[in-house]
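For reference, the structures are reproduced in the following blocks.
Next come two complexes, and both contain chain A; in the first it sits with chain B, in the second with chain C.
Here is the complex of A and B:
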């Protein structure tokens, strides 16, 4: 924050006002893991309802493979296209403007709906803890969204410093719970052998495993958000791959520990419907200390996720304005705090409106749908990127291995996830695809004429192969 | 206690929302639109990346 104030002078002397490069790998980690970790506290467990406890574990690993592919692909492309907007800027340079416009909308929808879900979760958790008649979640939802928007408004460094601290506390709480239940001993606290048996492990068979993909996404949903910090990290080529891959490793460990503890303490019928699997696990230990720790950790995880989502959605919206895909009014940067303040303020009432009128399931589904559409794009994007700019033609901060295997794995898993979503929320899926189709028509036939076509491609790259 | 916390949340939300609106108005009336929207994508890359591999 001090840096922001000190450098504000430059902004008023006729220089350009740009976002501030103050972040390091730890902030990238805090952004990515902060957005995702709430998925361990609620969300992943609904996959047990779809296919049983073993299905929740199977999708934990398979979806982990999907997201490892996402993290590797993202790290390579973003370490090269280091601009706010993340996947939007990638799509613009590699595929084209129409794809970029759609990807930016995927990002804004995914993060805003996730922010809404986080705020609802936080409000509901406090109301559940209080148990007071007449107490509603509205005030807590409003405070979550407004306070975090204010934090984002005031500067990215403080925003992600806060995210680092609260994410670390939430993560450590999972580790403390894991070791408190003596995971090396079955029968004392954990009863995995009794709760997950050959008879009930996959109650709906393999179709249940496919259906479980829809909520298995929650183990890792949002790790790709690290790329939105690309224009604010001091060394994008180093910090982004390092922070993203470290975040993914952290999440794989957290997901495994969470499943093991929860599946060993709760029957799948209950695990699949509770909103608070880790808090419930804390209660089941019989320790008031663990119960309260997991309650606080649930709140902190929701706060960290909403905080990161506000950061990312605002940068995607800001990038659209900067390229005139939307009115350039949205591309204003605060001259003192160096944040996209108009984008933050514009998205604030939208998030509040959805939080007050939408229910948690709908908000989560819209977030997941937009996220999976984005991952599908990423699998195509990396193939085009390698084809147009082969290794050796431009400088890359990170080169992901085994290409094109991760892209193929990612694409196939996205298809399976779409099928799983269709099974549970077919009408929402069709409505969302129709929305993106209509908005694409609007962009192509109306909005694109306002875009300064030469100005939008900013990377000093050689001509792509074949052009 | 929980009801008091609920009222406090409304209060904090209103105060911070008003502060952001005030600051937004102040910034928009102090600085020109050209300065506020002068950010350009990829400025650092244009300087640091030579692409001579």
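Here is the complex of A and C:
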């Protein structure tokens, strides 16, 4: 891994303090995988509850296809629109200001609620391990959120260096568990044939498979967060596609290993409700070493994810302030640490509040809802991008193949996921969309008057076709 | 095209806007929790005979439950707590209409704003 040197003063742009370009592909990988890997340690298994163990595997693959489409699309657009805010900056340049405002809110909600889920998981895991009567997770949740916010406040390079190390340890623990249970033999430790039988593989039939999409998203949710670092990456055109695609491959392998080990060691009814499937798998091997390794890895995965989420949510919020979509007070960059410190501090109490009022299942659903709204936008965004600036009209860092197939696949899978969410959280989905609709009216008819028009378009591109 | 000059927002106005956004976030996320709207419909299909066999667990499954610290009595509510998927068509139609309406509004309103941005950006040159 390349460790860049922060050079104070090198990134000043006139009298305006800007974010530092210090990150390489390894940091991009760490940001993406770090956010997502916690999904293997908790969350994905709720899809087994929704539709059975086989449904969890089916959605692992199909949702993997959804995210491969996301990664391909994202790599092309982001390697071309390299600005903080990721998909927000894309929406601003390709669709329009109102869409950009909404996309930024999708990002902030998705990442803040993911951070909340991570903190709850971490607190619950420690409480479960301690086994002390009366011990609650509240202090652990508060400490996690506050310490990670402080780390983010102090600097992006340190934050993502920490993420790289703890993500790598958590990932290696899955690999160690996988090979420790001798995956090439059945009957000794793994008993897939006896646990996933023709009678219980799909206990709710195919409707259960569709319902499982809701939590199948959790296998990979957040990989698109790599784009948030676009303004802090030394070579966005190279690092962003490379880091994102490498991250996606890493996650597909981890998801397949995780399902195989867990479904071969636990009945689906238990797998569907446990908060710590991999830690449980470690316990069931009977090896104290594996049990403790998976316990530590669960904590590290939760920490890495929450860390990356604070990083991403703050940058999306910062971008809103910088463009005056929200009060410009949020666009301040710390004079010493060069981080969007006001955005980091503003989102801190929101995360804390929801960590105390929502449970893990609900926090995950909040995050998934905003994520799927964002992916729906992405499927349409890439079609508009190619239409407004056809290949050859601007320089792209990466061009994804088979267009528009990935966009169509992504859109169709988003529709299926909305239906899956309807099966469990339909009222919540309507409430959230109603919120986005009302706040959009507020933005369009009131807030937008404070926004400079032409200044929003910052890319050195020709005029889009059709305008 | 003349360049649009946005009004300067007062400090009080900025604070007010922040409060609006925070309140909106809490209402959207907290209200469904408070009203008990969050969460899928699951209910326990209770069994009289609480044995591993009656719960549909083969000897391998039963041994794992026991390793995890469960008995047929304590595992009963986990195993028999099932989803009952019913498609409520009126709610589904409302949800689809809300989603489609939202995205149509987003793209149309964004396009109107975008045309101003493009006109100002490129007509200035």
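Quick note on the criterion: the second predicted complex is superposed on the first by the 453 of 467 C-alpha atoms of A that agree within 3 Å, B and C clash if a C-alpha of one lies under 4 Å from a C-alpha of the other, contacts with A are read in each partner's own complex, and residues count from 1 in each chain.
Going forward, a residue touches a chain if its C-beta (ideal position, glycine included) is under 8 Å from a C-beta of that chain, and two chains touch if they have at least 3 such contacts.
Because the structure is a prediction, the values reported are computed rather than measured.
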| item | value |
| --- | --- |
| Which of chain B and chain C A:266 touches, first, second, both or neither | second |
| Partner chain in contact with A:82 - chain B first, chain C second, else both or neither | first |
| Partner chain in contact with A:276 - chain B first, chain C second, else both or neither | neither |
| Chain B versus chain C as contact partner of A:329, first or second or both or neither | both |
| Greater chain A contact set [chain C / chain B] | C |
| Which superposed partner A:106 touches (first chain B, second chain C, both, neither) | neither |
| Which superposed partner A:242 touches (first chain B, second chain C, both, neither) | neither |
| Touching partner for A:365 - first (chain B), second (chain C), both, neither | second |
| Contacts on chain A seen with chain B and repeated with chain C across the two complexes | 328-329 |
| In the complex with chain A, residue positions of chain B that touch it | 2-3, 5-7, 9-10, 12-13, 16-17, 19-21, 23-24, 27, 31, 33, 35-46, 49, 51, 53 |
| Residues of chain C defined as touching chain A within the complex | 3-4, 6-7, 9, 14-15, 17-18, 20-22, 24-33, 37-40, 56-58, 60-61, 64-65, 67-68, 70, 75, 78-79, 82-83, 85, 87-88, 91-92, 94-95, 98-99, 101-103, 105-107, 109-122, 124 |
| In the complex with chain B, residue positions of chain A that touch it | 11-12, 14, 16-19, 21, 82-85, 89, 126, 130, 132, 134-136, 139-140, 142-143, 146-147, 149-150, 153, 231, 319, 321-323, 328-329, 331-336, 341-342, 345, 348, 392-395, 458-462 |
| Chain C-touching residues of chain A, taken from the complex the two chains share | 49-50, 91, 95-100, 102, 109, 113, 191, 194-195, 197, 199-200, 203-204, 207-208, 211, 265-267, 269-270, 273, 280, 283-284, 324, 326-329, 346, 350, 353-354, 357-358, 361-362, 365-366, 376, 380, 418-419, 422-440, 442, 444, 447-454, 456-457, 463-464, 467 |
